[in-house]
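Each of the next two complexes has chain A plus one more chain, namely chain B in the first and chain C in the second.
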Partner chain A sequence: MPVKTYAGTEVTVNDEGFFTDPQQWREDMAPQIAADSGIPVLAEPHWQVVKFMRHEYEEKGTGPSVRALSKTSGVSIKELYELFPKGPAKLAAKIAGIPKPRGCI
Partner chain B sequence: MTENSTTTGSKIEKVSIIVSKGSLEGIYPALIMANGARAEGIDANLFFTFFGLDAIHKARHEHIKLATVGNPGLHLATWAGGLPGVSSVMTHYMAHKMGTLDIPSIPEFIEMIADTGAGLYGCKASVDLFGLTKDDFIDQVKDIITVGEFYDLAAGGQIIFT
Partner chain C sequence: MVLGGGTGGTLLANRLRRQVADDDLITVVDRDGQHVYQPGLLFVPFGRVRTDRLTRPRVRQLNGGIGYHQSAASHVDIDARRVHLEDGTVLSYDVLVIASGAALLPEETDGLADATERGRASTFYDRNGAVALRDALARFDGGRIAVNIIDMPIKCPVAPIEFSFLADAYFRERGIRDRVELTLVTPLDGAFTKAVCNRELSGMLTEKGIDVVTEFNTGEVDPDGGRLISFDGREVGFDLAVTVPVHGGQAYVGRSAGLGDALGFIPVDEHTLQAKASPNIFVIGDAADVRASKAGSVAHFEGGILTRNIVSFLHGEPLGARFDGHTNCFIESGSGKALLIDFNYDTEPVTGRFPGRIGLPLLRESRLNHLGKLAFEWLYWHMLLPGHDVPGIGTDMPLAGKRLEAPAAGSHTAASPASGTRERA
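And now, the complex of A and B:
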């Protein structure tokens, strides 16, 4: 498993860069993960989605797909893709330190 | 075999999906693939041709039916599939099943795909053939394009025909 250092702490990630142990994640790691994922500045709207993603994972044990993310968070699909052009659910999950959401829709 | 620039790595970076059929089971796979591509951060364009144009036709896209004749996967006798109303009933049943899985209807799905930033295009030859104009299509359709323009758009990516 690859090891990454975020905010001075070593964490293990999978080949795609998702945390293998979500417990290793801390909020102060998020900006650096975001930068690695092509989002140089984690603005407030990004944060809202990332925190929502983390919350959903903690409640349900899995992160939502884009459609479910939009429906439950109230952030439109359009806005989600503006915030995370390379895949909103995928990137928000990565930044939130949770596994990649699985789902076809 | 030669590899193009998008396949030399292990990642697909762009897909152009052709929708040529106008049945429910002909349209959904293309929509799922386009939406799924965008969710992965892959660029996607949808090109609607022939009966696939119904998927973006203002008056028709809410009335896409499951093919109940000539569809052995349905395990229904061909004569039974041809009875009046059977296609509607089966379509309704399928829509209900999809609803329980939170799979959007075709109009909603197409709007959602446009919102992901994917491009929707109609095929000029088919639009001319059916005597249609751009006004017959939903607003999300970016343009009616020729096959040559389609290849320009598709350049450097994968083409999927459905």
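And now, the complex of A and C:
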């Protein structure tokens, strides 16, 4: 399994870069994961979303979809895309150290 | 009390009526009187079926001894165990079964209502849309058609792929296929989320000359410019947009404190189908947030499980029946052929045969599967809705006949440990 070093600690990720063990994640790793994903600075609104993703994962075992994220957090989908241009649900999940939100079939 | 007289509510009420005491009252509530055979809507745009053939009175699908009340729901008061209806009636319950399905929410997408009004966009997910689409296709003599899934989850996730296949066949028959550009535009990272099925369906889409645009999250439909615009700024041009609008739970779910999630679907235990909100609420079909497809076959398989669990609940016994996520779908591929897929929470759709080694071919085009799809309409009215098991087809997904592939080659998630092992070595 690929190994990455964030904030001086080795963590295992899958081939898309998502943490395989969310327990390995610490807040101080988030800025570097974000930078690797094309977000140079994690500002306060980013953090709100990242912490919310983390909370949802701990409550429900999966990160929310973009639409659920928008409805629950009150941040519009457009704004979420401005914060996380390549896709809020996926990118915020990656930065929050949780698995890719499960695909619906 | 059963809220919703569609596929799930009807079959559950009929099954339950046979299993509970005669003095246990069962009441089905629905906001309108017409039961629509939804799988048939797919064929309406191609002029293969008339909508009046697809509907029958809801009340006539219910067995004797089941009450029926027609009104929309206002909200559920979970603590008081009451359902408030919009006609002012308040019904109390010992057990509530929520079977109110998924709602189409076109208003959640900027420009979609306008595009629909002006005939630039339509959906085959409801009767009026399917008819409008039939007329739009009949007029269509060349140009770009975008089949757009706006967001997941949706009912019958293979339907947009089927629509694309049928549109390909339809324009071939009309002799103008070379003048029509067909594009399937999806928020998923492939035509289908599961690897083996995605590989087979993607191959078929390519063969038929249907383009696929993936990871496209539609933010706006622009009727003037004829463009789908994604939230991340990409565009797909169209002359006619065939859209699958955003789905959510019914509005009353949002007005019922503690019942639903952010999208109005109802969190349940995915095996017992008991709502997380309350032990005396159960959910069947599209209204639940389970990770199975929103499909009639799921409601059918859930029906047997849920009936047993409700009977156990009424007797104060533990809920022993467990739903495995069993889903079974015919995928119409055009020119009188279809594929069949059969899967559950843990096993993705694979090749082989169903329901056993001798049976219908899985994930392969065949005339037999098309006949199966046509026969399903009769089964729906005469076996599924009355709440009977289909002979030879059990509630649990059968493994016999399935060609299971090694997980490493099979799925996205399973592929990563294997590739990781190689990296480390």
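By our rule, the second predicted complex is superposed on the first by the 102 of 105 C-alpha atoms of A that agree within 3 Å, B and C clash if a C-alpha of one lies under 4 Å from a C-alpha of the other, contacts with A are read in each partner's own complex, and residues count from 1 in each chain.
Note that contacts are C-beta pairs under 8 Å (C-beta built on N, C-alpha and C of every residue); 3 or more make two chains touch, one makes a residue touch a chain.
Just so it is clear, the structure is predicted and the values come from calculations on it, not from any experiment.
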{"item": "Superposition on chain A - do chain B and chain C clash or fit", "value": "clash"}
{"item": "Chain A residues touched by each partner, larger count belonging to chain B or chain C", "value": "C"}
{"item": "Touching partner for A:V41 - first (chain B), second (chain C), both, neither", "value": "neither"}
{"item": "Partner chain in contact with A:G87 - chain B first, chain C second, else both or neither", "value": "both"}
{"item": "Touching partner for A:P64 - first (chain B), second (chain C), both, neither", "value": "second"}
{"item": "Contacts of A:P2 with chain B and chain C, given as first, second, both or neither", "value": "second"}
{"item": "Which superposed partner A:S76 touches (first chain B, second chain C, both, neither)", "value": "first"}
{"item": "Touched partner set for A:N14, first chain B, second chain C, both or neither", "value": "second"}
{"item": "Region of chain C that runs into chain B when the structures are aligned on their shared chain, from 61-69, 79-87 or 223-231", "value": "223-231"}
{"item": "Chain A residues contacted in one complex by chain B, in the other by chain C", "value": "65-68, 77-78, 81, 85-87, 104-105"}
{"item": "Chain A residues touching chain B - in the complex, by the definition given at the top", "value": "65-68, 76-78, 81, 85-91, 104-105"}
{"item": "Sites on chain C touched by chain A in the complex", "value": "108, 151-153, 157, 188-189, 192-194, 215, 217, 219, 231-232, 246, 261-263, 267, 291-293, 327, 413, 415-417, 419-421, 423-424"}
{"item": "Contacting residues of chain B [partner chain A, same complex]", "value": "32, 35-36, 38-41, 101-104, 112, 115-117"}
{"item": "Chain C contact footprint on chain A (complex, rising order)", "value": "1-3, 12, 14-16, 20, 60, 64-68, 71-72, 77-78, 81, 85-87, 102-105"}
